[in-house]
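Taking it in order: structure first as structure tokens, then the write-up.
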Amino acid sequence: MTYVRNAWYVAGWEQDLAPEKPFALTILGDRLVIWRSVSGAVHALEDKCVHRFAPLSLGRCEGEHLRCMYHGLLFEAGGKVAEIPGQDLIPARARVRSYPVVVRHSWIWVWMGEVEAADPALIPPAVGFDDPDYILGCGFLDYQAEARLINDNLLDFSHLTYVHAASFGAGPEFAASQPKVTPLERGVRVERWLENNHGSGNRKSEQLIDGWSSYDFLLPGVLLMWSANYPAGTAKRLNYAPPPMEEAIAGLNFTSQAVTPLTDKTSRYFFSWGPHRQFGDDAMRDHMMGIAGMAFAEDKVMIEAQQRVIDTTPAQDVMPTAHDRGVTLFNRLVEKLSDAATIKRREAVG
Amino acid sequence: MTYVRNAWYVAGWEQDLAPEKPFALTILGDRLVIWRSVSGAVHALEDKCVHRFAPLSLGRCEGEHLRCMYHGLLFEAGGKVAEIPGQDLIPARARVRSYPVVVRHSWIWVWMGEVEAADPALIPPAVGFDDPDYILGCGFLDYQAEARLINDNLLDFSHLTYVHAASFGAGPEFAASQPKVTPLERGVRVERWLENNHGSGNRKSEQLIDGWSSYDFLLPGVLLMWSANYPAGTAKRLNYAPPPMEEAIAGLNFTSQAVTPLTDKTSRYFFSWGPHRQFGDDAMRDHMMGIAGMAFAEDKVMIEAQQRVIDTTPAQDVMPTAHDRGVTLFNRLVEKLSDAATIKRREAVG
Amino acid sequence: MTYVRNAWYVAGWEQDLAPEKPFALTILGDRLVIWRSVSGAVHALEDKCVHRFAPLSLGRCEGEHLRCMYHGLLFEAGGKVAEIPGQDLIPARARVRSYPVVVRHSWIWVWMGEVEAADPALIPPAVGFDDPDYILGCGFLDYQAEARLINDNLLDFSHLTYVHAASFGAGPEFAASQPKVTPLERGVRVERWLENNHGSGNRKSEQLIDGWSSYDFLLPGVLLMWSANYPAGTAKRLNYAPPPMEEAIAGLNFTSQAVTPLTDKTSRYFFSWGPHRQFGDDAMRDHMMGIAGMAFAEDKVMIEAQQRVIDTTPAQDVMPTAHDRGVTLFNRLVEKLSDAATIKRREAVG
């Protein structure tokens, strides 16, 4: 698994985490217990009691503490053991790893790398339910596939023409055109004008329009995209530069998506989507979630099948196409930053 | 997996392959997509897009071509990429392996070895639905077991007395007698007279008969057998030589069976069976398929259990019995020819 | 798997073994067929025909013999082949390993080590249905976990306070107190007075009592425990020595439990429990079995989860607590005796 550890990973929807109900989630192969205490604070610890390795996720919340319900060791939110039934001495090694947690934009973000590097400013600017401008639906899907394959999928939208012909409804002209791909410090930006057409999916239009969409795909695997319809001719008029959001005439919407690697061959894919309040309502949101449900299931079928092929055939180099520019840029970034972390760790040791 | 690659493997019943419905089948560990184009031609390609390894079996038939439905690469039946959406250049390496295919005797045969050695004359002379003499039923079974174990089973019919006591109904005298076993260039012939009895299964007889059966078991794992009843005394009169088929007095029938190794521990077992038109009808065929269904399920229980024992216990040499002559001859042939192929490949490289 | 081979392992409840119904059980990774002949004798053989490794557990009982139902080899109860259909010669190597079996205390015990060391005197003194003093219920549970983890669980009852708070109903004072732990030649003895309380579970009492319990945990993994209530003050009066069983005033009961390692990661856990005839009846037994069913399911959830953590996280040393004295003593004994057997085998070879 080549992933960037020094990054914030989405562990779940904030609204799904009830107080005092610890839940288990594996991220990057690390087993975590995540829980919300009575006070509302959210914590994440290694899900493995230091005594005999029972999972703390079967434990009991006691105030800000979590008790292992096998032999009763009590853990502070920071990972230190506060109590061992039947003995007074707490050994120095009686602690488990704790992970920085931030709740923001309706997601629970967990930092999987070096604690001292955990900077909340690195959390991608997703749109959550606290944003007054959008009417969102949300969900998640579990994949029997490595996260990288889902990232690759999200970094090359030419698959819309084939995988999503029936759901998003893109035609061959979509796969024939190239978006503008720009490297960012922690990701890639993909922008695209689709001129003089009638839109498709939730952005179908009677009159001819210029369709715009722009997304940032950010470490560790977060897609933030907005799209909208503009009057035909806008693209040319702007010399294909990004349009001002406030001049959209229809279809303005936002989607936040996050790919979280669970183990080396399983992933969880979180998503929200919905119209800007000015261009849609709850019914529009529900309609869009219906399309998304269909489309994301199409991706899942393809990507899980792709994973099975990879797992059961001899290793082989991919043959990138012109559409793979975003994939290649992002994967190079991942490789560079995962190397960097490794090197930094090595220096710390050496 | 020690199997002979230079051989025709049964991939399916011709009648099961609808036009423009690609299907996936793994043979000898190679993932294949097999499809019938609108013209009726049947093709087989490596089921792995050269781009990012999506399975072509999720693809779409377009004329004689097959399109990968992930990012739209279009493949010729011979494996060459004809189109890459979004770019004009087709790189030289843009191709996947193609496999020779022949449709004959109602089976789809795929050649798994060196293309230049693919000689249709090596296809075993099975009896298919195109044969006017026989009234056949057919089916297939999937095994959680390596093909070799099913071959071994088919090469020693003494198991009829034990595994199939309730279905084919062979008694202890069957396992006590030895058939004549003769090596063939690409297989083994097993012939047997069973004198002066009342037959069993579909060949039960009121009067005493001499029962004859003869099968060839041919590479890679194809059993072709005919059996019939003769007047008691025939065997002795013929000095135990094979009888002329046309002097049969009852029970003349033919079965074709083929064992196809999918992966190292899974197999597909194809079979047809039925009476000669002169000695039976549709009802007799159905009766026989009922017996076969019961009997082949008995084999499956035993062979899958045998596989589990082999997989979970220390390796150990078999202890061949007198009945294993056919098994031993055939397995030596497999070893010799799989070695030969290996040597030839080595020479080609060296 | 570090286990002591020279020991009697429980293979099942005697009453579950119908005559002439061979059944398959894997113990310590060895596949066994166990069967009761018409005469009532119970035998155990390696479940792997010497011919082609078909399981003998699919075989047919014939008098004191067992016939492999693949190609008909007939086995004596001692493992020697008595008959090979189709040939007269029986090769010297035509035999499978046989295992000593003793039926005692309602359990079928199989000796997994060196045959010459199989001493029935080493069978732990369990209480079976033949014991006139106790009214027993019984059962078994299959674990997706290694036997060692279940042994560890049974050697440290402090988990009652946490795992079994809702079933056995032990409070925090239980986990806070330490039992007396004494090494035995082939196990560990754990004794405990719990003074001046109202009991719990099946031993709840209106008046204050002193509760006593004592168990031996014996190789290979057999727990034999009796418990009873005594008048408050008894513990102090006896200076905390074991009380005479006949002075119990209530709640006298006995439980026999046996942990059998099947494979390295699966186990079968056998148990019986019930009141002494003087202090209970069938209804009390049923009530106790209800509690046990709930409690043993609680253990299973915890231990299987513990196993999954161990299997999916980096190896790490346990951090023993004061309650782990019994666990440590027993595991050292296992290590010593499994080493001893290894050394002995090495000497026999060298």
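Note that the chains take the letters A, B and C in the order they are written out, and that residue 1 is the start of every chain.
Convention: a contact is a pair of C-beta atoms (placed from the backbone, for glycine too) under 8 Å apart; a residue touches a chain by one contact, two chains touch by 3 or more.
None of the values given here were measured: they were computed from a predicted structure.
Copies subunit B and subunit C of the same sequence differ by a rotation of 120 degrees once their CA atoms are superposed, given in steps of 5.
At the subunit A-subunit C interface, residue numbers used by both copies make up under half of all numbers present, so the two copies contact each other through mostly different positions.
Each chain gets a centre from the mean of its Cα atoms; for subunit A and subunit C, those two points are 48 Å apart. Residues of subunit B found to touch two or more other chains are absent.
Considering their complex, residues 152, 156, 158-159, 161-163, 172, 175-178, 301-302, 305-306, 308-310, 312-313, 316, 318-323 of subunit A touch subunit B.
Chain contact summary for the complex, subunit C toward subunit B: residues 26, 29, 31, 47-48, 50-55, 58, 67-73, 84-87, 91, 93-94, 263.
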